[in-house]
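Note that the chains are named A, B, C and D in the order they appear, and that numbering of residues resets to 1 at the start of each chain.
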Amino acid sequence: MPKKIRLGILGGGGDSLIGVLHRVASHINDNYEIVGAVFNPVYEENIGFAKEIDVPTDRIYKDFDAFIEGEMKLPKEERIQVCSVQTPNFLHFPMAKKLLDNGFHVICEKPMTTTLEEAKILQEAHKKAGTIFALTHTYTGYPMVRQMREMIKSGALGKIHKVDARYYQGWINTIIHDKEKRSSVWRLDPEKAGISSCMGDIGVHAFNLVEYTTGLQVKSLLCDFNYLYEDNKMDVDGTVLVRMGDHVKGVIRGSQVATGEENGLAIAIYGEKASFRWEQEKPNFLYKQSDTEPTQVYKPGHAYNSELSLNGTKLPPGHPEGIFDSMANIYLGAARAIRGEQYNDGEFPTMLDGVRGMNFIEATVESHKGGNVWVEMES
Amino acid sequence: MPKKIRLGILGGGGDSLIGVLHRVASHINDNYEIVGAVFNPVYEENIGFAKEIDVPTDRIYKDFDAFIEGEMKLPKEERIQVCSVQTPNFLHFPMAKKLLDNGFHVICEKPMTTTLEEAKILQEAHKKAGTIFALTHTYTGYPMVRQMREMIKSGALGKIHKVDARYYQGWINTIIHDKEKRSSVWRLDPEKAGISSCMGDIGVHAFNLVEYTTGLQVKSLLCDFNYLYEDNKMDVDGTVLVRMGDHVKGVIRGSQVATGEENGLAIAIYGEKASFRWEQEKPNFLYKQSDTEPTQVYKPGHAYNSELSLNGTKLPPGHPEGIFDSMANIYLGAARAIRGEQYNDGEFPTMLDGVRGMNFIEATVESHKGGNVWVEMES
Amino acid sequence: MPKKIRLGILGGGGDSLIGVLHRVASHINDNYEIVGAVFNPVYEENIGFAKEIDVPTDRIYKDFDAFIEGEMKLPKEERIQVCSVQTPNFLHFPMAKKLLDNGFHVICEKPMTTTLEEAKILQEAHKKAGTIFALTHTYTGYPMVRQMREMIKSGALGKIHKVDARYYQGWINTIIHDKEKRSSVWRLDPEKAGISSCMGDIGVHAFNLVEYTTGLQVKSLLCDFNYLYEDNKMDVDGTVLVRMGDHVKGVIRGSQVATGEENGLAIAIYGEKASFRWEQEKPNFLYKQSDTEPTQVYKPGHAYNSELSLNGTKLPPGHPEGIFDSMANIYLGAARAIRGEQYNDGEFPTMLDGVRGMNFIEATVESHKGGNVWVEMES
Amino acid sequence: MPKKIRLGILGGGGDSLIGVLHRVASHINDNYEIVGAVFNPVYEENIGFAKEIDVPTDRIYKDFDAFIEGEMKLPKEERIQVCSVQTPNFLHFPMAKKLLDNGFHVICEKPMTTTLEEAKILQEAHKKAGTIFALTHTYTGYPMVRQMREMIKSGALGKIHKVDARYYQGWINTIIHDKEKRSSVWRLDPEKAGISSCMGDIGVHAFNLVEYTTGLQVKSLLCDFNYLYEDNKMDVDGTVLVRMGDHVKGVIRGSQVATGEENGLAIAIYGEKASFRWEQEKPNFLYKQSDTEPTQVYKPGHAYNSELSLNGTKLPPGHPEGIFDSMANIYLGAARAIRGEQYNDGEFPTMLDGVRGMNFIEATVESHKGGNVWVEMES
């Protein structure tokens, strides 16, 4: 019997960027085989894409309902075990919900839902289902992000007292400064893109990293967005003051108009004893700083790294692994969980991360619209 | 007749760090000669220090009043022309005021005063005096900071829409986490150190750089401090949301508990067309980023640099100049102004920078104490 | 009919590092399917590994001869099309030879053979076979290495006059300084590892990059090895002076005792007009330097990049791809060639690179043993 | 009585780059006062320059002979104590010789002489004189270079087994590729510039750093120059294989045609236990690498630094000091020696460094001209 986990794909067809990322990631550790999919809403394109990537077409369904129906008819040992949801954001919720309700494991792109309310409903569905739910906050898969988490957990920084994260991109400049374009692009249309552009798309990643690495939760926040133009309805930039409890404060910054920035996610965590700095575009370098000792540069694959970090590295030190490998690490963790093996809870983001992410996004909007006031996050 | 400008020094004796910075800077371009001073409140130490650095002792005065009295008795062509004020913060105002009132030029350490009110009084005194007043915001002297200013002025970034500056240090960690120390050190005693520690000492530098490089003014701000402990009265960390007018927003971050950071002043300015990034600890590298072109790394001493930048470089490209050279550039600009020569208004920070700096510091305190509310700055 | 190319694997089983690299790389662009293999000389392990990675066991052969025999019996449309040779070095030649003689395409790990003589025999066999032969000099697959090649080809540097490459590692320190270990490890046993350790294993990569990026050939070289100990027979460090024709000179440096270096491959190419610098451990940053302009930092995925470079990138700028992606780019190029599609000759290293590599290795040994004299390379 | 050492200057007038470097450096620690000089061979310019920098003109002499004559007539307590030689290279020897013969201390620019023979004569003269002789290999004054030296001395790297240094510049490109210019510029005229351009001007600095930091001596070397054009007589590029004794090898690379490099001096020292890497253009970052531990980044001004390093820092960590401060550290060391105070022999390069430097330059020329053969250095 094949050992690989039977994987279904929803979305991600054609030249979808997220599609190639998930597909490659699912292959990397020889754990998954794609056996069924709805890559694309247009059936011909759907089938065409399956052929292009050499997936058998017999379980390429015409739509999601057919997918569920078809798979549920199959005996359990043939049925898809886990489904990867890579569709447009507004479909994450209904698809994930139905998948969970039918007993599938789910790997879901972020944002998990479009509202916090949906997120909570999904959370309930997940509790009932008892299956595995992994949210692909891709950046948590980097070995050096995991190293931060483990070292912080084991006390390397002492008590955390300050966090500072940013996610800066510049690509929306080419749209936002053109009146025609900014009024027509779906990204900046609240009807289509939801309540937030910058925070919803990227700010939430920075938020997630802060909670993932520190193990602390943001308790309350105050946010100021920048829309750049009166006629623009969506945040393209924002700064969020955060409080994580007893004198632990920080700032999360997001921007899609940080001209010339590509995918500038970075995080710094300051504790009583030491601090960490890490940047996504140089993912294999982690800086541990102290007031009295030379800065230390941690790199992947060394015996000095934590097990969680080492699990995320395939080659010896100095052979740079990147974002595909990072996503693959999340798939690897999910595979372990799906197979009922032991795993570290840092191996993949969960339902809870999804709920908190939606809470964060809604809270930033509420804070900004309320005149930059403090908003409590749910605990 | 000696060509050098006759310089008086107030403060900066013994192993004062600020003292050596000013002294070396004043020498670097052969423009100043120290002819009189009150280095130290204790007369013996004052004289001793003068001998140590080989300044003639005949114009080493026992205190500031004696200094003024003694110098005013001298014929104009012998009298000190400019006085450099390097005393503890609370003395800046009374000394600078009396110096201006007596017709001296003044080079003054920051913060210029301890309150905005004092700053405005000094501004009036300066108007009356008509002499030169240079405020030593040292970091404006770096060639690459000047390059930013000139290129922004000439439109290299297009319309600015976002600023992001930080000044992170970690040295106060060794004090703040010790109950005994934090209650005894003068830095954290509002009676002695004024209304703000972090913003007053370093945040104001970041604020100054933002205004210096962009040519824009902060219109309003919202600030959240972190005191870390209930029994601590002074900000040791803070984040400031700023608005610089029509959809131009940004953030200024300061910290003295950013563990492991040494003198982490950094600035990023984002415009419609391009952006700049610069870090004080690698002062000779200026990054110009665009969404469509390779990032460009500007370095000092090249023909492609602006005149203001080139004036601040003494050796060909690749010979790193540092913070002493940066301060020397401010002294150089002041020398030109004192001699009545042509100079670029970016050659040294002025009274206006001092007034705005005090306004910034007071506004951050007001915002924080008011519950993190928006506070208008004066225009 | 499946679209994927039928791939056979020789070697690479168990926890082989090279095995995972090839396997992942072959998957990444959905071009290959592993249909047969001899992963391991021990049949049980061979089968066991196939199961572990979910390759059907019906075409897992007990050894290479059985592999050839079995495959040749299959009809052409089922038969393996290309075979990836990942066995220990001394097996590359006999396997690749027999594969070519039987009409297979070959993807071969480096060093291609153990001697130049073998390399030439293989070259002849390849000419006769007329199939595709790709040598996996992995580092040529990086987008920024390809960008260098294309820009140099189009004249961005002007006439090249100097090259400087290095490949520094430190891992052999833990062996070499221990008399017991250094006399027992196969790497340092000429009987098992061939004539060169440092140059054969890593120096040749640096050599290959120099020729790949410049399009020039090394004409002659002079080499000095360091063995570190009298009783050690293998080079663990060496410096090679190279001449690439008319006043074009340079140096290639290799070391396995460069303590603390991980996988420190770096290259600098200097031309009349400009230069390039690139480092393998930060593969997504390419520096173009000029004497008169700001240094430019090229990154992958931008419209300003060459087609050859862009073909090697799957995600937008700022999403770091790494060494698995680099190897995947070589597999992608080979797939195009195997399918008879158009391809750029920079998409994968060829037989000629293999022959030149062996020539380089032998020449360095000859030069060193001859007393550090100039040795001509064949043209 | 003034405490400052009475300093004479030979050369360095007008817009001499070396002049400003020495002058500023001599001021920085309040140890020297310029009391006499021959800044310039043209007397009017000499006097004019003295006025410009405010040096009293009464001891501005018309030429070197007048300088010696005039000073020797003065009573010892008024006479110049140390003379700084900053004239064109060919004058270093006769001036330094006469100064030593007359009992002066000497601070001398490099290259110390134009031949090894002269160097040895000077060495003899120095022995007789018994005064202090400091050679301004500026780069030894950087705190992090000193830190390397001290840590290596105390065994941080274990036994050294490999060195790798380079000094790459690109500025001669604008001359060398123009037939007219390259035949007329003094730099490339052996009559005027001596036997070597690249090695004599910059390669020797890299050589000096290797010996300064390791405490080892180069025993023999093999060199290949690049002249780039048939009609060019001077090396503009060269690579030097070096042997430093028992299995300790390395390479020193110099270039003036490394296009786009500014002042690219860098050094790496590899030992059994660890290694150091340092680059002149980022002088305040020293990397200590190990095969098993995270890389450590040393920076100036920390308590963890050696005393020799800390003596070279005036401000707390994070306040970048540069090349003027580095030269000042050499002047500071010389001052201590001149005053008969205790000093560390790493505080300034000496006569021995000068002799070895000339030996190195001549040996590289001999090796290249002899057909790239090994040449022994004198011990």
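One rule holds for everything that comes next: a contact is a pair of C-beta atoms (placed from the backbone, for glycine too) under 8 Å apart; a residue touches a chain by one contact, two chains touch by 3 or more.
Going by UniProt, the chains are A, B, C, D = Gfo/Idh/MocA family oxidoreductase.
From a predicted model like this one, the values you see are computed outputs, not experimental measurements.
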| item | value |
| --- | --- |
| Where chain C and chain D overlap in contact partners, by chain label | A, B |
| Most distant chain from chain B, judged by the mean position of its C-alpha atoms | C |
| Gap in Å, rounded to a whole number, between the CA centres of chain D and chain A | 55 |
| Chain A and chain C, separation of their C-alpha mean positions in angstrom | 35 |
| Where chain A and chain B are represented by their mean Cα positions, the distance between them in whole Å | 43 |
| In chain A, residues with contacts to at least two other chains | 171, 261, 288, 295, 299 |
| For the chain D and chain B complex, residues of the former touching the latter | 2-4, 17, 20-21, 23-24, 27-28, 30, 33, 51-54, 169, 171, 261-264, 280-284, 299, 314-325 |
| In the complex, chain B residues that touch chain A | 157, 161-162, 164, 166, 170-171, 173-174, 177, 222, 224, 226-229, 237, 239, 241, 247, 249-251, 253, 255, 257-261, 268, 270-275, 288-291, 295, 372, 374 |
| Contact set on chain C toward chain B in their complex | 288, 292-299, 302-304 |
